[in-house]
Amino acid sequence: MMAEQQKAEEISLQWIKGQLDNFADLEDRQLTAPAGSVKLLYVKSITDPQIINRSIIAPFYEMNDPAAYKEYLAHYPGSEAVKDSKQVLDLMLGGYACVEVEQRFIFFDALKAETSSVSQTMTESITQGPSDALTENLAVNLNLIRRRYQSAELKMESMLIGNISRTKAAILYDDSRVNHQVLDELRERLSTLRVDILQAAGELEKYINSDKVRIFPKTIVTERPDRVVFNLAEGKIAVMLDTTGFAIVLPVIFNDFFVAMDDKIQLPFVGRFLKLLRILGVAMTLWLPALYVAFTSYNPEIVRVQIALLIAGSRATVPYPSFVEVLIMLVMMEFLTEASLRLPRAIGPTATTVGGLILGQAATAAGLVGNIMIILVSVVAISNFMIPLNMMSFSIRVLKYLFVIAAAAVGLVGVVVCLVGFTMYLCSQRSFGQPYFKMFALDRLGSSGTQKGGRS
Amino acid sequence: MRKLLLYIGVVLLCLTTGCEYKDIDRRIFVVAIGIDSGEAEDFKVSLKLAIPQGEVTKIDEKMQIITEESNSISEALRLMKSRVEKELDYVHCKSLIIGEGLAGRDIRHVLDWAVRRRDIQLILNFAVGRPEALDVLKVKPPSERIPSNSLIMAMSGQGTESPFIASVYSYQLMRDVYEQGKDPILPVIEAEGETQFRIDKIALLDKQKVQLVLNPEESRLFNLLTRPDLRTNFPARVDDSEFQYYTESSKSAYKIISSEPGAPVVRYKIKINGIVEENSTQELITHNLLEQISDAGEEALEQSVEALLEKIKKKRLDPFGWGLRYGTRHWNNETEAEEWAALFPVLKLEVAADVRIKYSGLIK
Amino acid sequence: MNQSRYVYWMFLMNSLLNILNFVPRELLDARFRGAQTSILVAAVLGTAFLSVFTILIAKFPGKSIQDILETALPKGLIIPLIIMFASLWCVAGLITILSFVDITMRFVSPDTGPGIVIISFLVLVCFCARMDSLSVLYGMEMLLAIILPLILYAIIKALVNPDFSWDSVLQIMTYSAHAPDLKSIAAATFSFSGYFNLAIFNRVLPKMKMKHSWVYAVNGLAVLLLTFYVPIGYFGTIGVEKHVYTWFSTADSIRIDTFLIERMLFIFYFAYLTLSLVSVTVHWHVGKELLTGLFPRKQAKNRSTGWQELAILGMFSGITLILMRLDQYQLNEFGVVFLYARWFGELLMIMLLCYCYAVAYRRRNP
């Protein structure tokens, strides 16, 4: 008790006010009652006036006894005694009210959190299953997770990231399943992180990955609490930030990006089929434009003669080489996608329809683009969106141009070379020291017996 | 530094793009080649070119035929290059027709050319064209939507399953021309006017040229002997009524029996399951009659097959590969070829047909 | 299963790759003079080599061939040995590349210049060979998983073709009563020599064990027999020798009725291009690792090792580009010389390993 007081003496109200100079929303009040007076200091915009009224001001006048009031404040849950001057500022900016009573500073938690309530998922919709999304409030998020993962093994560590934004981050993991090597690496990377502002989960994702050139996401950024829980149970780590509705899951493997949460709900065969569809979709998006270029410009001998003649017919009026045609249409499609993303919800679909249908029609009618090209571009666009996680879907979207360029340079050979390079590159990637892409199925095959025994 | 290198790489890649670039619409596909013996020079080469059209919905197939004479096939093709505005592309060439006159002299030159050229497929259909290869190329059936498609479909057996057509790919022809103890065959395509062709004859070759052309009836029997599950019909005559039965499944196999003293025997076994398809009288088909039809069919089949085999043997041709089969059963590799050559003239041919007609069709 | 499976993949890769160029040609050239007995002998010898080598190297878990040699041999001897082995691997890779460029020119892109094709191959291979050993293994496994179904499909399709001439195959079988000849054995054992890559990969597979060697024998024999008999079924006993790339011509003779692509050639080409690129990557990775091992080792992967790797791979590529000038027959001769050299190299390596093991054994139990 004494030690605390001595430390607190270093800080004066005046000092705090000096630090928070030019704060228009700083409230500085002196409450005076017959038995004595206290000083109250808080930042109005992030404190809850109700809490201030009900828990700080009203009791003071009712009790009319500064000593008892001090005890009351000091033992109120959420109030803190200070340790050093730096913490004082953190608390003040974190929504605490500073009360000076009998030469002692007590910081009272009066944070007003403007939070949206738990809402529906927006970016990862599924047909069945829970539709809660993570919110922008860490406490609510933790609530969402804890409710789904009722295990004493679920550990949580918290830290502050960002010199200015002071974003609260929570690291969640299942202690009995997590790979501690990965955990240590994550802790190290987070603690060495030097940024000013951290606002989004994706941003953190970018900072904690070490490699300079990255094409593929190495962590999942998700808004679904059930995905977080599912991954926690698999021994992964989740990092959650206050003020963003997304969590980061790591380490991940390539296949994780093709798991939608309703795969678990579907019957096993249906689930497998859906996953296969997605992988097929990726293959289509990556290859179709490239193969079109290869088939029309270098190797028309590959497809059967009937198809070759069809392609030749549809291209009869097109005045430029096939890869220009492909690039034009693909870029057009990207415009459409981007545009409909940014447009208000009400007119988004209109833009897509108008753009997609009319533009395609007109382009073929004008003879600028072949019919087959339009089909192809639509297939590419549609299959691209089959990937459940946005980060990966964007990566694939960009990567297909690489394939197109390779095909334009050397035809089929280029496509195959690109495929091999792509696979090898994926295999050389590591997510937090763990392999990113390999035949995981075969690894499990060897040890399946022991695992089953352990679980049952 | 690295980024700079990367950019340079990308720029270079983009620059190299297009230097070897030939779009599909700058190529013109040769779908069929016809080779005749020329009037002035050795070869008269005709190409059937497919011209793709923009409107898929319109049914009008466009094609072009160009002809050139020269002493070598390659020279003729080079000459033709200057007669079309686009690059001639042979990768989709699916049929090669050799004129009857040329086929009666030597096909090996043409075969060698077709197999040696890297852009011509090994699954190219070879055929003999009558009266000339050019006439066959000119045929344009009204049902055709893609140039030369009907020829491709018919000759590769993808479309019609005619029992008279034997499809021969260039790799097969190549194999049989060089194989010891087997002689090649070729289907014969006859042009009938501008819109029809007829493929119902098979030409038997020795290693070099056409020796014998089978008539349609014989061609069908030939196919029965070489192919499983030939879909066709055969006649059977019981008393006065003429029946036709359809072969649901057919199987034929032969053995060369040379261990016994005396001349070796080639013994064919043909097994057919059939359905009655046609009945010339109004007679009710009973079980008994069904068996009679089977027996009659057997007998008729045995006779006609034996006649065919005798005819082929008389010409000293071996399209069935008897000699090869003889070799597979004998380990004296140095001498077996001569042995077989000595045995061939005295070869005895036996045919045992087993026709089982199980159903009378939908009515009795 | 866990780590030993990579040995099997390495074996399978080589065994499937043998179809590419020299092996079927050598075997088919000797089809009337004991190719078949040679195949049998090679199956026995190959499995023996494979088992002995794998068992021996598994006694040194986590060590590459260089670490092993260093335990028993003087330094002056190791350097020439390693350079010799590394050049073997370099040649193994470049022969595959050269053959494949030739095949590409013949079958797929006659219009594209060979220069750009070989450069795209080389860029890819150099990029991939620089990855760490485990990644190379993962990638190899993944790509094998993609192409194995295709190759199986091609082989099954080849065998069920009604125009397949079984009589020709049987006829060749009647020629099997001949003494095996050395050239064919050397060619056929190539099918088994995938294990040789363990010389480096043993470093990352410490738990690798040699099990089920009969699988290797059966598999290798089956692949060799298919390699030998299938082209005969398509081109006959005599016509078969007329084809340069026997197996690609065979694939060209197979038609797929019900697919976008009609010619099996392209599916086969796709599968084999992938396979060859992977195989070259693996071979050059081994060659590169052997050579970088000669330089004094530094702790971390820093700039200078990066340049070393690039220099070595650049040298490999340079040799490849120079050898591009060989014509068809010279390349073939070169390939045959390599087949022999490789075989003797394997023999030498096994003997060295035996010696090293004996030394280690004596040290442990004096």
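The first chain written gets the first letter, and so on, giving A, B and C; residue counts start at 1 in each chain.
By definition in this document, a residue touches a chain if its C-beta (ideal position, glycine included) is under 8 Å from a C-beta of that chain, and two chains touch if they have at least 3 such contacts.
All values derive from a computational prediction rather than experimental measurement.
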item	value
Chain occupying the middle, per Cα centroid	C
Farthest chain (mean CA position) relative to chain A	B
Where chain A and chain B are represented by their mean Cα positions, the distance between them in whole Å	64
Chain B and chain C: spacing of chain centres that average the CA atoms, whole Å	39
CA centroid of chain A to CA centroid of chain C, Å	45
Where chain B touches two or more other chains at once, by residue number	16, 20, 22, 119
Touching two or more other chains - residues of chain C	109, 111-112, 116, 262-263
Junction residues of chain A - those touching two or more other chains	298, 301, 305, 409
Residues of chain B touching chain A in the complex	10, 13-14, 16-18, 20-25, 27, 29, 31, 50, 52-56, 89, 91-92, 94, 119, 146-147, 149, 152
Complex interface listing, chain C residues touching chain A	1-2, 5, 104, 108-109, 111-112, 116-117, 120-121, 124, 127-128, 131-132, 134-136, 138-139, 141-143, 145-146, 260-263, 266, 270, 273-274, 277-278, 281
Contacting residues of chain A [partner chain C, same complex]	298-299, 301-305, 307, 406, 409-414, 416-417, 419-421, 423-424, 426-428, 435, 437-439, 442-443, 445-447
Interface residues, chain B side, partner chain C - complex	16, 19-20, 22, 115, 118-119, 121-123, 156, 158, 169, 171-172, 174-182, 227-228, 321, 324-325, 327-328, 330-331, 333
Residue numbers on chain C that touch chain B, as the complex places them	32, 106-107, 109-113, 116, 162-163, 165, 167-168, 170-171, 173-175, 177, 234-239, 242, 249, 252-255, 257, 262-263, 265
